[in-house]
Amino acid sequence: MKRIKQLLQADLSSVIIPIITIFGLLAITSEGFLSSYNMFSIFQSVPIFVIVGLAQMIVLSLGQMNLAVGSIGVLSSVVFGIAMQNLGMPTSVSILLACIAGVLQGLIQGVMVTKSGINPFIISLALLSLYKGLALVITKGQPFSELNAGFSAFGNLKIVGLFPATIFIAALVSGIMYVLIRYRKLGKRLLACGANGVAAIYSGVNYDKTVIIGHAISGGLCAIAAILQVSRFGSVQLSIGDDWMLTSFVVPVLGGTLLSGGKVNVIGPFLGGFLMVLINNAIVLWGVSSYATNAAVGLILLLAYEVDRMRKKMMNNQAKSAVEKEA
Amino acid sequence: MDFAKIRKSNSFSVSIIIVFMVVVMCFFKRNYLSSDNISALLKVLAVTTLVGVSQMISIASGGMNVSIGSVGAMAAILSGLLMQNLKVPVLLSILIGIGIGVLSGIINGLLIYRNGGVGVASFLTTLATNSVFIGIIYMITTGHGVSKIPDAFVAIGSSKIGPVPTSVLIVGVLITLVYFMFTYTSLGRQILAFGANPKAAELYGISRFKTILSVNIIASILAAIAGMLVVMRVGTAQPDIGSDWMLQSFAAPLIGGTRQAGGKVVVFGVILGVLVLTIIENALVHLGVDVYWTELINGVVIIVIMAFDRLRSIKN
Amino acid sequence: MSKKEEYILELENITKIFPGVKALDDVSFKIKKGEVHALVGENGAGKSTLINIISGVFGPTQGSIKVDGKEEKITNPSKAFELGIGVVHQERNLIDTFDIAENICFMDISTGKNKMKDKKAMNQKAERAMERVGLDLKPWQGIEELTSGKKQMLEIARAMCMDSKVLLLDEPTASISLTEADMLLKTVKQLKEEGVSIIYISHKLEEIFEIADSITVIRDGKNIGETLSASSLNKDKLIELMVGRKFVTETYNNRDLSKEPVILEAKDISSKKNPIPKSFQLKKGEILGWYGLVGAGRTEYAREIIGIDPITNGSLLIKGSEVSIKSYEEAFQRYKLCYISENRKEEGLFLQHNITDNVGIIALDQICTKGGFISYRKQNEITESYKESLSIKAKDIFVETASLSGGNQQKICIAKGLCVNPEIMIIDEPTVGIDVNTKGEIHKLIYELSVQGISVIVISSDMGELVGIADRIIVFRDNEIKGELENSKDYESMSTKVMGSILL
Amino acid sequence: AGMMAGCKGGTDSSSSSSQTQDKTAYDQSVWKDVVEFGAVDGKTDKDYAFAGVFGAINSYSDPMQGAADIAAEELGIKATEFDAPKDWVQNDQNTILDGLIAKGIKGIYMMTSDPVAGNEQISKMTSSGVPIVCVGGSPSTPSKATLTLATDVYQAAYDGTINLIKAMGETGGVVGLCGAVTDTNTQSRMEAIQKACAEYPNVELIQIIGDIDESEASVTAIENILAAKGDQISGFISTCYYPSVALAKILSDERYSNVHAIGCDTDEAVLDGIKSGALDGTMSQNPWGQAYLATVTLKMLTDGWTYKADQDFLVDSGSFYITKDNADKVEQTQMEATMEMAKTWTDRFDAPAK
């Protein structure tokens, strides 16, 4: 009982508890769940969720939203495709170019948000169309499928027969983001700008610069997610990113990021992404109609809220009774 | 209202842009203002305006509602199914459709209240309920549309009263009611006060619970009506109704001058915002723009419009 | 029976426990009809908590409240208004998007009594209410651009027109000018005549003695002794009761700064907003007071100097060389010029963050290791040291700043300013809402800083404060500098001189 | 309705354990004595757990599970499962596919949500020993799937346009209505429309509108183009579902009685449109036959048959022009064509070595 209480008090309990529950239930009820094929597949789906979630999280921490995550992803991957297929660049250069493209798109968004005075939501909305439109105009909708074979293989590479190589990339990116947010000045500044922009300025933070950098990082992360997606699909696809927007919000939020800015949980998206994938997996394994996928994700999100409330209530009660005891 | 004040308003600059767009279109296409095209524009306008107003109410209260589309779809599908399978009379079905709106509004409202009230909570909660509602729709329909909608129902959408399509009239009445609510009733003012400063509003006697609940019920009723209007327009009730409402619902009121942080609305500005969006969509078809260019142009035009509005407000 | 009816409000054994803090501990007192009852106590003593309980913001953990002799459960703010309890909270609570009339007549809107909006009646009502508190504004004006003093007066006007039997005023004069405060006190007296009972909270003890009939002292959440009649007390005794020990005000001697170099010099600085050019000099280690009534343009002038508002004309010299500061970041990083805003909630604090993070953001350079990584140990050490030296009252340094009392929040803002080791500090209204004891500590701090060679500009509307610590006082009125005076540290003569130059 | 059965999923079918299986269906089928009945070679029923996964929830796939189960019954194997992601999202489909395999499904017939991106998933599944037969539309080639049973999307769009042009009397303006422009299949459909129009000197392709495979967007687009160029338009060719439904509604207006239209798919709303005269016809493909033959193929592959190297990867499952005359016999038309193919189906394979 005490253990459970302790667990409930942990910051991430609202995501860890559902993960453990679903994982346990699946392991008991479904024999295929622990098969290496299934585990590999689960781990293979996680990285993109996580990185897209991180891309959104960093903008959320600024108290803003990036609706263009998917479009930035698709335009970056088009740059990647052009570099690799049309210009015959080596893989590393192509990846670099794609990331630069992503950062640039984020940068443009950041500059417009800070300098133009136009409503940030509308900017993001317009850029969503603009970036995607640009990708379409450049390619005329044609995919790039003659990619470097080694690169495509990477997306499906198995390590120890269980882990896809991509999950290590996601872990690495999460780690870097963790350090960035928690241990670098930039992270503190980002959170400060998200919590109270004016106070941040009065604390000597360059608000505009910080916001721009935040958006740029978000753009870069979108590009990384896109590259991982390309390597999994083995081709650059213009529908990449079409399904990212909802995911990008759900993942960090499941992972405990406040949408109002100023507070984030960097490890959260990793767990949030994992939880999403587990739910999807459970729905297929339990033979529930895939129509229920949506409903299940929604219910889990609501459940996360409940767990969080329970946790807070318990901690408050504890603190209160501690005071009473003292008296 | 004196002219100077009007001239400074956001609505004025958006109006200028709309007039400009129409003039340019008339220049390129002689028949741009044909009655056919105007009625095509009006029909889209009706639904999108309702969607925008529904979102505007949530924004006014300092919240967001991303479940508008699924509420609309639920009302459309359920009223459609009742009419098709159980032969429920048209009027009763419409009432039940609105009832679905009320019910989902209550669900949203209660959950949002429970989860803390404004901004964050409303976005997340409706994100979750949206998923649940969509799940319900697809479980009921298994992805199939309801195609045997009684003519009497569809006729409401396609008929005209005088020169005006009935659907436009319905929306006109509804938006006027919303305007009336925000301008003259204390409920409207309470919503605005709560949106601008929830803490102060609560400290001075506005009930958080009542406000959130009424906002969500009203918004969901409008969404439900919008969903049924789509059925009247399309002739079938498809489960994908509302799937592309989300972005429009935010864009229309924000372009129209509603304050994103809540507390200030420009009710009729929503119509202007919707006009901007629909005219772009309409113009792209009229000009025969290549399919690959439509997205790009869409984005560019929105930015240009907002930049223009911004420049004017700086000058003022 | 008849004796009981004399009390309009009776608090019995009120206890309030927040997670981790016992804010009120068995507080009881009674208020008679038509009296002004002052509540005094240090920052964080629990005064505002009491107000919140009476006005139904939250319920007490224990204890009961009687209104008019009848026990009432005040579960929400509306209930309090129904019982005739009006309130002006310590923090500003206006609706930015509403015009003045709507803000003043807010209760009509929130209670939904008048279902339909009657603009004309509202405007008239608002005008009458403003007249009462001496505000000269148009009811249809927006409020976003008003100064904080005007906003405060608006709130008071709103409370006045509620027709309440009991009026709770939580530090109403903290951020308004002397004239406005006079007007307010006059209104309070008049209300008292009309039979309204008033609970009045203030850290300005002169006011207390001017209007209060009875005084209850709260220390650490408990009421100290019985309610006392104001006439039986004097200032020193009251402070002693508040602080729990004898309190000595320190005096700071005059210093000779004539040999010190000028570290900051402004020459005819003006901006688009403030076309009147203004100049001043600040010496190393000097405390320069900027006196003026609220709205005299001191904050705006400071904002120009620190690079937040652009300067159109004039030049700024730091240590003799001309500089052009384009952003506050630059002023702060490069010239060690630090500004502490008067507006702690909006411009000072990150309310959802804890104390350490609030301090850490400004002390990034100190809390970073060589590799540029943040050391949370250092951050905690620094915060802990300020918590100690400024005696910030909080459970620990990891509580959200939103849950602290107003005065303690102000102390955190000051800690933020101190921990960057500035060369020049501009402190805007450093002791608004600060209790006497801490006020003394802050003054001492400012003085010590100046002794270390830091030059400090103190913007204050409190003449006593400036006379106490400043070396020199510059007087502002209507965006102009009206005079510059050496401080003789003699309150009487200085105040006549200052008033003289203001009226000039 | 077929999909609801899929919801129940993994329910044990009656054939799972007993030897006393009902062979009557087998005896009457074309497979009698050609393909073996039930499990062979020490394999068990479990090795014959097959599933169908479509690219998205779409009425096109309605007949599929029923057809697959008829094949399963004839061949004495477990009833099949059926599933599809809500939208055309490859990632979502991958989740379903991987889950099914984890659950023990040993063979899958499917349409990729995305023809290019789905290929990598097909490779992953085949390399773990699960045979894949594609239906509905071909993945991009080369692919690790055994074969694709589909209508050539290019050909279908081309034929549809030609039918439209004929209905128009070979003169007038044509408008094409298409789905997501990011889909490579949409691109070939657009090319087909362009090519067909170019072949007739008096026919002008006015415009192709893309990205409108949604109920509202399609209505808006059609109303807009009618308002803009109503006088020039003689016909619409729709290559996706929602615009077809929208055409059926809008063109039922008297004013547009001389505007011709060819739709796509055989949903009730579309067929009603044909019966009422709003549409001239629709291009029906053969989802019934695709699922039926695909299931047979999966059984054969599991038994040890191999697809001959010289056989085409893409097997045309036929497409039919449905008009007023045969609107009531859509499924029957499909079945007949399928049974015709079934007669020579095993010729495409090498029999298992004994």
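Think of it as A, B, C and D in the order they're written, each chain with its own count starting at 1.
Operating definition for what follows: a contact is a pair of C-beta atoms (placed from the backbone, for glycine too) under 8 Å apart; a residue touches a chain by one contact, two chains touch by 3 or more.
Just so it is clear, the structure is predicted and the values come from calculations on it, not from any experiment.
Looking at the partners of chain A and chain D together, the chains they share are B.
Comparing the chain pairs B-D and B-C, the larger number of C-beta pairs in contact belongs to B-D.
Using CA-based centroids throughout, the chain positioned farthest away from chain B is C. Per-chain Cα centroids separate chain B from chain D by 36 Å. For the pair chain B and chain C, the distance between mean C-alpha positions equals 44 Å. Centroids built from CA atoms put chain B at 29 Å from chain A. Between chain C and chain D, the centres computed from C-alpha atoms are 73 Å apart. The set of chain C residues touching two or more other chains is empty. Taken residue by residue, chain A touches two or more other chains at 136, 140-141, 258, 289, 291, 293-294, whereas all remaining positions touch fewer. For chain D, the set of residues that touch two or more other chains comprises 3-4, 57, 84, 86, 181. Contact between chains, as defined at the top, is found for A-B, A-C, A-D, B-C, B-D.
Per the touch definition, chain B reaches chain C in the complex via residues 183-187, 189-190, 192-193, 195-197, 199-207, 259, 263-264. Interface residues of chain B facing chain D in the complex, by the touch rule stated above, are 29, 31, 34, 36-37, 39-40, 43-44, 47, 134, 138, 142-145, 147-148, 230, 233-236, 238, 240-241, 243-244, 281-282, 285-286, 288, 291-292, 294-295.
Put simply, chain D touches chain A in their complex at residues 3-4, 6-11, 57, 81, 83-92, 94-96, 98-104, 114, 116-117, 119-120, 123-124, 128, 140, 180-184, 186-187. Touching chain B in their complex are the following residues of chain C: 55, 57, 76-78, 81, 87, 89, 92-98, 102, 106-117, 158.
Of all the residues in chain B, the ones that touch chain A in their complex are 111, 114-115, 119-120, 123-125, 127-136, 138-139, 142-143, 247, 250-251, 254-255, 260, 292-300, 302-303, 306-307, 309-310, 314.
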